[in-house]
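Two complexes come next, and they have one chain in common, subunit A, joined by subunit B in the first and subunit C in the second.
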Partner chain A sequence: MSGFGVETLWVLAFLPFAVAPLLRSALRASRFSAIDAAPRDGVSRAVAVGLKALGAGAIAASILAAAAPYRAGAEHERIGEGADIVFLIDRSGSMNETFAGRTPAGSEESKASAAKRLLQGFVDRRAHDRVGVVGFSTAPLLLMPMSDHRTAIKAAIDAVDRPGLDYTNIGRGLAMALAMIGSGERDRSRAIVLVSDGAGVIDPRIQDDLRAEMKKANVALYWLFLRTAGSAGIFDEPDPEFDTPQAAPERHLDLFFRSLRVSYRAFEAEGPAATEQAVAQIDRLERRPVRYVEKRPRDELSGLVLGIALGCAVALLLAKLAEVRPPTREQGA
Partner chain B sequence: MTAPLDIAYRPRGRFRSNRIGSHSSSEVGGFGVFRDQTPFLRHPDARRIDVRATLRDPFGETYVRRFEQRQAIDIYAIADLSASMAFGAKFDLMAELCGTLAFSANRVGDRFGLIGCDHALRQDAFIPATASRSLALRAAERLRAARCSGEGARGFLDAAAALGASRRLVFLISDFRWPAELTNGVFAAFAHHDAIPVAIVDSNEERPPRWGLLELVDAETGARRLTAMRPSLQARWIEQERRRLDEISRLAGGRARPPIIVRDRFDALEFGRELAAA
Partner chain C sequence: MRPDWRDPRLLLLLAATLLLASSFLAPQISVARVGYDALLVVDITGSMNTRDYAANGRPQSRLDAVKAALREMIAGLPCASRIALGVFSERRPFLLYEPIEVCADYAQLGGSIDALDWRMAWEGDSHVAAGLYRAIDMAKELRADVLFFTDGQEAPPLPASGGPVFDGRPGETKGLIIGVGGYRLSPIPKFNDEGREIGFYGVDDVPHENRHGLPPAGAEQREGYNARNAPFGATMTAGVEHMSSVREPYLRTLADRTGLVYTHLDGAAELARAFRSAATPRMREAALDMRPVFGASAGALLLAAFVATPLLEQRARRREIIRAANKPPERRVA
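For the complex of A and B:
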């Protein structure tokens, strides 16, 4: 699976030197009348074996380090829970307002900040998602291509509460989101989360393209509608004479999404709490096992091996410092 | 050079030799300590007729006084020349002891001989028992010239065979760092002599360091052993050394005198006292 290798192979030809400590002791030997005077002792035997191993280890590790060992990079396929998700976020001017339709003052939170906070939490909870972020107002803005890089994703979502501008052009935003999510692996669950506080009319010509694309991509669509107090809702049914896409864009967008024949849910949220619930629900729905690839770069092991060699050498040095000799006549009384 | 001090020694047990000397022997003769009276025909020595006993005897038997003949005994120092004796001052102690023994033996008219041995008899350190003072006094010199290089001490058994059957006073000088079976065999081989084991001990062998790594090389076999010294092991070491000497005494029991331990320093007076007590 993971290949180990060395940069300069010929250096390993010196490895047989590592047996040297087994043949000769590093400690200065003291001639003694009979070694049987020293009691046989398990600890001593263990220390003796340990010192030989340390010596061999120090030499072997040094030679190995000189050969520059590495562990080849590899890709690991893992199974986790998650999905490919594209956040399609409304960046129109009205997102800067609170749910009450005012400019945020004091501790009030704009719709954009609420969306940001909740989406951050969403991303935090789901470790194995691949996420893309698209903003849109009059034209779509690619904030972040599909990625599993947590920091980048969160940075992209952070950018969502920058003051927005202009209008809501959902059609082009959706097209970009679809293009981004593409037709990836079949077994991944894929979803587009549309976060907006209003709706617009989708050009009928684009409508057909979108319909075809959505079908092809086989994605789930979630519409998180941040409803401003007093404005029209998704599920309000106006008088029949006003029931046109221009007069009630929310309702007609909803109808369009329903007609796409993909898995679709609309959440109408009238405050941060309701938004949180909606996000939690999406979190629950988009949980399918996914296979994801973890990349591990090639590791240089020289440092580690040198560290081992140094550790062995230091231990040997300590042993050498701990070396004693039997008392001699001069020292004795 | 000052003359060495005499070591006073006395052989144990009955011995006989054909040389008049200073030790009471089992030989009877006309001089010395009175032993018994015996009929004239058994000991026909007219000079020693006991007139009083002869007159007192109702059957008219003639009696002769017998005396314990004082005779000379051969003293042998059997010196261990195995490499273990080269440690510390043991070899010097041994040479000093041999010199003193040679001097003392000649002073009282005994013959002194030296047999050096390691795994076999050593010809370079062999002096047959001799009454020649100069030759005997050269024993220590001969011994000092010899090198401790041998492995093991099986030569002691050969030395016992070389000594023959007549009883002699034998000093077995070694550190007795032998396998128990060899110690046992040597004491058995010398059982019909008056054998006195002299254990030469260097106190440095009994005083291991408290802490540290000690790599020991056996002087005889060259084997190495690493010892991780610590207080508990030090205590075991000292205890083992003490028990080793006890073990030598135990093995000597009944066949040789209890060992005399010469530790670090040879004092002829002290040695003589211990010899008298042993």
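For the complex of A and C:
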């Protein structure tokens, strides 16, 4: 896709003016009645042609520079490491508390802030990912469509430690994340990274839909569970009589994810440091070769053509300065 | 070598050379460009599904009308502008993302605007005034102007004692309240739990009066009034809260109270005009490539040296010849 182009095309309409020097000279017309009065010689001819060419060159190059020419950057297909990733982020109110379950005070970091900081780092480290961001509380919220625009992705992640909403409804959020990733390219590895500090009961009807969708989309699922001190964990096994989805939603959500038969990992983090380790681990796991297209920046040619124009103009100027003054000025002029 | 400084061609050539040389000394200059920073907050509550706009001869919901107008308006903003998007439901705005640049990330902006959906609403209530005030706070924190899109329908209706009080400084944050919806009452589509449309809201589906707080003046006249047991009267009042139109007078009072400007949504061009007159233009430094300008002016000077001056000279010479021919002095040229 390499090619030449100009920024403002219409300027090139002036290019024919560059023939002007072939018709007219910037040198003084001398008032000899006939050119035959001077003897013909090769050097003079060469100089005459050269000066015309210089004039044409100077004008053409200047007009070209006015059109801002460039050579388009070539697109190279490369192999790198990356994936299509959807961050599915819990925006329930409890995410604004610390891992100890308090309102952050002083230098304490809320779970949402920790998630924000670590996900930003994740995005920074991985240059070839395409990332989408989905938030969820009672309802799923599409925060940023999937793309490789770092600024947009980071603007969406930046907003996740703002005050959250009501409850945790993972089912619908997961459905939206799947819908987003389902439209991705087939040959890229795909993953959903669920970041939450709680779990909810997924409606059995939605469970079946999710199961089918997950299988179809062939995505890897990572659950980064930010565990608040004193709350139930993913891997705690309660007394059998309390072992229901309602009483132990975290454990049962984990069981549901396991039953999906997709590549699934759960990380339970009880503080910022553990969260960081988990994010680093996801980073390592989601490194499979992907094809990506690298577009090299285009080369500006303005400097080059201006240089040519300048060279021609300087030569013309020297020729002009070498002009011989006419011997006398006739009267009346 | 004694240059003839009276020869215009020499001067033109010299000027062109200097211009071309200076394009290497100062290829770029820094200029101030105008941009706008805006926080868009879109009401996504149920009444925004009302289809009282039209596009291509088909009914269009208020939310879709807002999306279409926004996409077009944003496309027309200067590149130095930045946009943040939030949705409003219940009593607060929810920020989807921090401000991003309109040109570099236009596709992402457009995609996220297209994705706005009433299904994102985390609650069905619509406390417009409360949401607006908090959107203004949010815009102030983002140092942006605010654009609040709503039909102004408080659901449930405000209590008789009035709505929440605005405690900010009116006019400190600039922006627009955009009234969305037709002026005539239209039915509001109703959806079931799975998000399928199942008809319209009926008169019995919504409260028509807020019975929190003190009863309104004149409640004593109502049928079955009892100061202790039925201060609002014995029967439910039936109103038109199940129907929807843009509540323009209410939104105008909100605009007055907060120092924002009210405008009605009538297409993108009108919205863009209202926004530009209400918003704060923000100057941003931007690099301007001067090389095309140098190239163009050098080209013009060179052309003048090669074409204009010889032509002028030729004319002068012709005149001279004519003068010589008309030597007998009875017809003198002045």
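As a convention for this text, the second predicted complex is superposed on the first by the 221 of 333 C-alpha atoms of A that agree within 3 Å, B and C clash if a C-alpha of one lies under 4 Å from a C-alpha of the other, contacts with A are read in each partner's own complex, and residues count from 1 in each chain.
Operating definition for what follows: a contact is a pair of C-beta atoms (placed from the backbone, for glycine too) under 8 Å apart; a residue touches a chain by one contact, two chains touch by 3 or more.
The structure presented is a predicted model; accordingly, all values stated were derived computationally and were not measured.
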Considering only the touch criterion stated at the top, classify A:Ala322 as touching first (subunit B), second (subunit C), both, or neither. both
Scan A:Leu51 for contacts with subunit B and subunit C and give back first, second, both or neither. first
First (subunit B), second (subunit C), both or neither: which does A:Pro238 touch? neither
Chain touching more of subunit A, residue-wise (subunit B, subunit C): C
With both complexes superposed on chain A, which partner does A:Pro204 reach: first (subunit B), second (subunit C), both or neither? neither
Between subunit B (first) and subunit C (second), which does A:Gly182 come into contact with in this model arrangement: first, second, both, or neither? neither
For A:Ala313 in the superposed arrangement: first (subunit B), second (subunit C), both or neither? second
With the touch criterion stated at the top, can you tell me which subunit A residues are shared between the subunit B interface and the subunit C interface? 25, 27-29, 322-323, 325, 332-333
Please give the residue numbers of subunit B that touch subunit A in the complex, ascending. 84-90, 175, 177, 202-205, 207-209, 211-220, 223-230, 233, 236-237, 240-241, 264
Please output the residues of subunit A touching subunit B within their complex, sorted ascending. 25, 27-39, 41, 43-45, 47-48, 51, 319, 322-329, 332-333
Sites on subunit C touched by subunit A in the complex: 1-4, 7, 9-10, 12-14, 16-17, 20-21, 23-24, 27, 84, 87, 92, 94-101, 104-105, 107-109, 111-112, 115, 117, 119-123, 289, 291-296, 298-299, 302-303, 305-307, 309-311, 313, 320, 323
Given the complex with subunit C, which residues does subunit A contribute to the contact? 7-8, 11, 14, 17, 20-21, 24-29, 55, 58-59, 61-68, 91, 133, 135, 137-145, 147, 149, 151-152, 155-156, 158-159, 162-163, 165-166, 302-303, 305-307, 309-310, 313-314, 316-317, 320-323, 325, 332-333
